[in-house]
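Look for chain A in each of the two complexes below; its partner is chain B in the first and chain C in the second.
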Partner chain A sequence: MSNLRGLLKGKNNLVVSLVALGVAAILPLFFDPLSNLTNNFILAAAFVVMALGLNIVVGFAGLLDLGYVAFYAFGAYTIGWFASDHFSSVNGGEGFHIAAGEFASNLPGIHLNFLVIVVVAVIITGIAGMLIGLPTLRLRGDYIAIVTLAFGEIIYRFAVNGDEITFGEGYKLTNGRQAISPIDSIDLPGFAPFDSAFSLRPFYWFCLVLVGIVLLVNFRLRDSRLGRAWIAIREDEVAAASMGVPLVKTKLLAYATGAAFGGISGAFLGSYLTSVNANNFQFGFSIFILAMIILGGLGSIWGVAIGAILLSFINTYFIPEVFNEVPRKIGLEFDLTILNFGIFGFLILLVMVLRPQGILPERRRALELEGVGAGDAIEVRAP
Partner chain B sequence: MPLLEIDELQTYYGNIAALKGVSLTVDEGEIVTLIGSNGAGKSTTLRSISGLTPPRSGSIRFNGKEISRTPPQDIVRLGISQSPEARRTFQRMTVRENLDMGAYLRRDKEIGADLDRVYDLFPRLKERERQKSGTMSGGEQQMLAIGRALMARPKLLLLDEPSMGIAPILVDRIYETIVEINKQGTTILLVEQNANYALGVSERGYVLETGTVALTDASDALRTNPDVQKAYLGA
Partner chain C sequence: MSTNTATADPASHRLSDTLREAASKYGLIAVLLALPVYLAISDLISKGNLTDLGNNLVLGLSNGAIIALVALGYTLVYGIIELINFAHGEVFMIGSFVAFGLWGTFGISEGMAVPGMIVGLLAAMIAAMIVCGGLNVMIERVAYKPLRNAPKLAPLITAIGMSFILQNVGILWRGSSQASVPDLINQSNDLVTIGGVVINNGDVLAAAVTIPLVFLLTSFINRSRLGKAMRATAQDPDAARLMGINVNTTISMTFLLGGMLAGAAGLINLLYQTSIWYFQGFQAGLIAFTAAVMGGIGNLKGAVLGGLIIGCIGQLAEFRIGAEWTAVVVFAYLVLIMVFRPQGLIGEETREAG
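== the complex of A and B ==
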């Protein structure tokens, strides 16, 4: 019986996913291929990938991660290192190439095909995810948040000051605020090379494929044994352990999968923006992604996707374009974009007051916060 | 050879010794009770056995195998499962999901049969199969915690204060079921503050005081022991 329900539910999600992705795929055809709106669509899709990754850590496993930006950085530097002329004198200045596009294959430096980059990024960020996971294993709640926050900040500092960390033949670790640039564009076998001067649509469609993969992985994981173990840990760690859930392995897997999605998205954004700048990896970015999943509904896959799209559009469209004239109209001389985070904060506040379970809450949380069964009085557990 | 053999167990929370050398044995097929006041180390003993709070020294042998350094999931796999103190059911999961979690490590085909067995033992759980556990009464949650532990198909079942905070009429029901579970072949180590009930169903008992075994005897003898009556039976 419950198997049947599971299948139906799975099917529903599949149908909804296909319809949503289909509609999303047609959307850019109504706009100029170089329009700013298409650019906004791409960023929104990339943020959906990241938010769904963080949702695994925070929403499913209940581990509050405030340093998620670190995985964006690792993903972005993966493509910065391995798809640019950053290591220019590799192989005697001839460069090192694996299935690189026609243009990139004559350049010095390391140039791997984007698909290879994705694999490398998943490996690097997965390992980084487990490394940050290790020191938090003995910690709970707020303490996990503090350690991950520090981790994110450490990675940011490395990114900023990496231009003074040199090795080998004078290679710099990063280019700091000068940015590693240009990054190879995406060049998939069987497709024309992506060219942002000609059309942004291929980037968008490619990112939609990433979103599709991430959605699939999320649904499959949530309904798997591992997914149930994550939720059990979130609900009650001690009880989960006494049921035989291996805490170390299960938590590390949550960190690693969550990080891998951040890495994939980071690599994509690096290529799309054609540069990897340390300025992008500040603490505020972690909060930006966290705000998406809280706004959408912690643990709810569709909710998180909606939250990510919404906040992304508020950030890239509504604040800088639609409402930017508002201060001037009421006689104030300032650019609304400097208030970005103030506005996000206000939105989160509104959500917390009006709809604390998020826009589209996870079933479990919805029940709790709507007070279903309040007549039965949820008992307070003895300490 | 006893099923469980604990020798000179010392367990610490930080620098505070909760167990200062506890020794006890449980034979196959028995119900054994640990009684004692708050802080005597009853729950810590169970947590040490199940690996949640590993002991600092001493030995725990289960079926002759040393398990004092074994991680919790492997201990569950060996056949020890626990209904923890204060029940700790997964509040936002349904009754059925909670029971499924109890069988987390199992991949055999007998899980369905064990589910039926738990529903036979606790018909109330069957009625509430789809209800969130957090919305049930304390007694029902206690049934669920015991049922969940049974889903691991343990050889040894650890029960931590199954009567705590529960209406007396339900306590009777739960204790009847504990006897039934034991008759079906599961050995039980029972921790209780409510010594009357526990000594009523068990063969032997241990009295813990500040982290050591103060007294051990047949349950009937403990029930008539004037010191025990004064301290734990409210006589």
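== the complex of A and C ==
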């Protein structure tokens, strides 16, 4: 394990990233472009983006956010509002378009290009992240968890009941459980429009580019002044403050950055699934993402990426396709899929009790959890 | 001159401090009263009486009594090891399931003679209390005890894991859809009407079970040896250990008591709501936690008071705003309390909140 950790250190990071992304990029060529497996790859990549976002808040800054699903919702509704015919009578029924694809540019409603949507989603979720973070600034530990959980639930209820809230010319805030659909497909300038009926590969490669960007941002942030400030706050808030770390700014930036990643991924998933349904924004989803980063190793970027891929495949492949029939084979009358959250809960419990540092731990945290203080570690190395 | 300012300064400080103290102390009460007072005024203007509000509040109080029982479990555990026992709502749910499962065993059915039913229900309640108490102790052993020296967020995370596991136990047990159960006590039967305000069988039941249990619990904690040990451990576990208190046993007993209350609440909830669902624990747990925080977490009286208040707020929101928005109103109160008065109505400041 220590060799592996050494491999992932320093300059090697870039090499490892490029190799990993390169292998990941070739992977779908071995499978049918419309197969379920390709779909699973896409979801896994989207969850890597989300998990890396939550990792900034929980893993780096140590603020346990149990309402991360709120940012998935904000990102998804950004694309739901601005890349569908939801606001159907905007501009006298003509619609409002910015660089929308050939197909979408004749439809009523607001249609922005996906790249514009990403920018809008980052802004909206970043602001939402700060607003949700603001009330938690004075709080510590488990109280933050509960306040963020409450916010997550409030956003979920608004998503579900949003069809009761109307404004303007009878526009609904959300479509609740009826879902806002269809959503414009991704249409990048210079590329053919993505068509999920023809091939899923473009979605995958696009999401892989997002993963690459997010990985880069994560590494750069972690090694920056801001990243060190986050880790300092996580280790000891009072000590960090007395060393001159501005708590308010640093914490809010953690919330905003983490939220923005959730928003990007949410917008992508909205477009890929072609619908934004309030049912997707339940508390369980926050825990699903949290389980990924705990499984992988809180604060460890590669660990979190691996955890996300693993848990995503457990959710989309191993539970429903590989092991689904197991209970029936041993004479029990249920499918394993109904137990997926119990399985995630069990994994969280198991990892937390047996290997709290995760699969691929962050070095600093591993040292702490092994009962060796950071100071001791330095002393050991001194001649 | 200098003496003048010296005497004037502390005085002005004291004044501003008093003002700030008053604002933080009565601000929450004002926020809490805002909804009922507004509704009372609008009722008086539109209908000329307060019957509707009274009915809402009666339902709120009986609902709140059930919430209070669950909230006591949160507050007991938080008081002693400063952990939000996230799985507590699920223990309450399992209590309902166990009690319902035993109805058949104890021969309880609709329309049976009253004395027989009371004996049967009491037996079911005691069984549910024992199972839930044991379950809560087991949860502590498996999920929290190994992490007692880990970072503080670790046991909270395992608590969430435990909560999901128990929800799935519920799904395996009774499927994933809400089911209705026989209305044994004729829950919505009007028992008495005082000035237009109706009190049903369900309200009486909730009060009849909750009040004795709360009295038993408070006298247990205030009078018994074990209660003294619990209070000592809550104040300072290390000092308690030095004084010869077995801290591990004391913590287990706390979980046992909390679980037993949740089991009792599970049975009352079954009779009161006449429905059963694997998900009932999650929502009830969050609401009860809000109640515990509102009263001041770690404070028994506070949990009961908070439960009653949250029950009333929930009912007012349900009847006046719409049932689908109840959760939003309750969680909004939770956020407000957490932010502006994390020590709650009558609790002391906890280390976390300060």
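Methods note: the second predicted complex is superposed on the first by the 359 of 383 C-alpha atoms of A that agree within 3 Å, B and C clash if a C-alpha of one lies under 4 Å from a C-alpha of the other, contacts with A are read in each partner's own complex, and residues count from 1 in each chain.
Here, a contact is a pair of C-beta atoms (placed from the backbone, for glycine too) under 8 Å apart; a residue touches a chain by one contact, two chains touch by 3 or more.
Owing to the predicted nature of the structure, the values given are computational and were not obtained by experimental measurement.
Trainee: Let me test your reading of the model: by the given contact rule, A:145 touches which partner, first (chain B), second (chain C), both or neither?
Mentor: second
Trainee: When both complexes are superposed, which of chain B and chain C contacts more residues belonging to chain A?
Mentor: Partner touching more chain A residues in the overlay: C.
Trainee: Have a look at where A:220 lands relative to chain B and chain C in the superposition and call it first, second, both or neither.
Mentor: Touch partners of A:220: none, neither chain B nor chain C.
Trainee: With both complexes overlaid on chain A, does A:177 touch chain B (first), chain C (second), both or neither?
Mentor: Neither partner.
Trainee: A:238 in the overlay: touching chain B, chain C, both, or neither? Say first, second, both or neither.
Mentor: It touches chain B, and chain C stays clear.
Trainee: Looking at A:334 after the superposition, I want to know if it touches chain B, chain C, both of them or none. Which is it: first, second, both, neither?
Mentor: A:334 contacts chain C only, not chain B.
Trainee: Tell me which partner A:154 touches in the superposition: chain B (first), chain C (second), both or neither.
Mentor: In the superposed model, A:154 contacts chain C only, not chain B.
Trainee: Could you say whether A:228 touches chain B, chain C, both of them, or neither, answering first, second, both or neither?
Mentor: So A:228 only meets chain B here.
Trainee: Where on chain A do chain B and chain C both make contact?
Mentor: The answer is residues 368 of chain A.
Trainee: If we count contacts the way the header does, which residues on chain A are in touch with chain B in the complex?
Mentor: 2, 225, 228-229, 231-232, 235-236, 238-246, 364-365, 367-368, 372-373, 376, 378-379, 381-382
Trainee: What part of chain A is in contact with chain C in the complex they form?
Mentor: Checking each residue of chain A against chain C gives 62, 64, 66, 135, 138-143, 145-147, 149-151, 153-154, 157-158, 160-161, 164, 283-284, 287, 290, 294, 334, 338-339, 341-349, 352-353, 356, 368-369.
Trainee: Which residues of chain B touch chain A in their complex?
Mentor: Within the complex, chain B touches chain A at residues 50, 52, 71-73, 76-77, 81-82, 84, 86-93, 96-97, 100-102, 104-105, 131-132, 134-138, 141, 148, 152, 164-165.
Trainee: Which of the residues in chain C come into contact with chain A in the complex?
Mentor: Touching chain A from chain C are residues 82-84, 142-143, 146-147, 150-154, 156-158, 160-165, 167-169, 171-172, 176, 282, 286, 289, 293, 322, 324-325, 327-328, 331-332, 334-335, 338-339, 342, 352-353.
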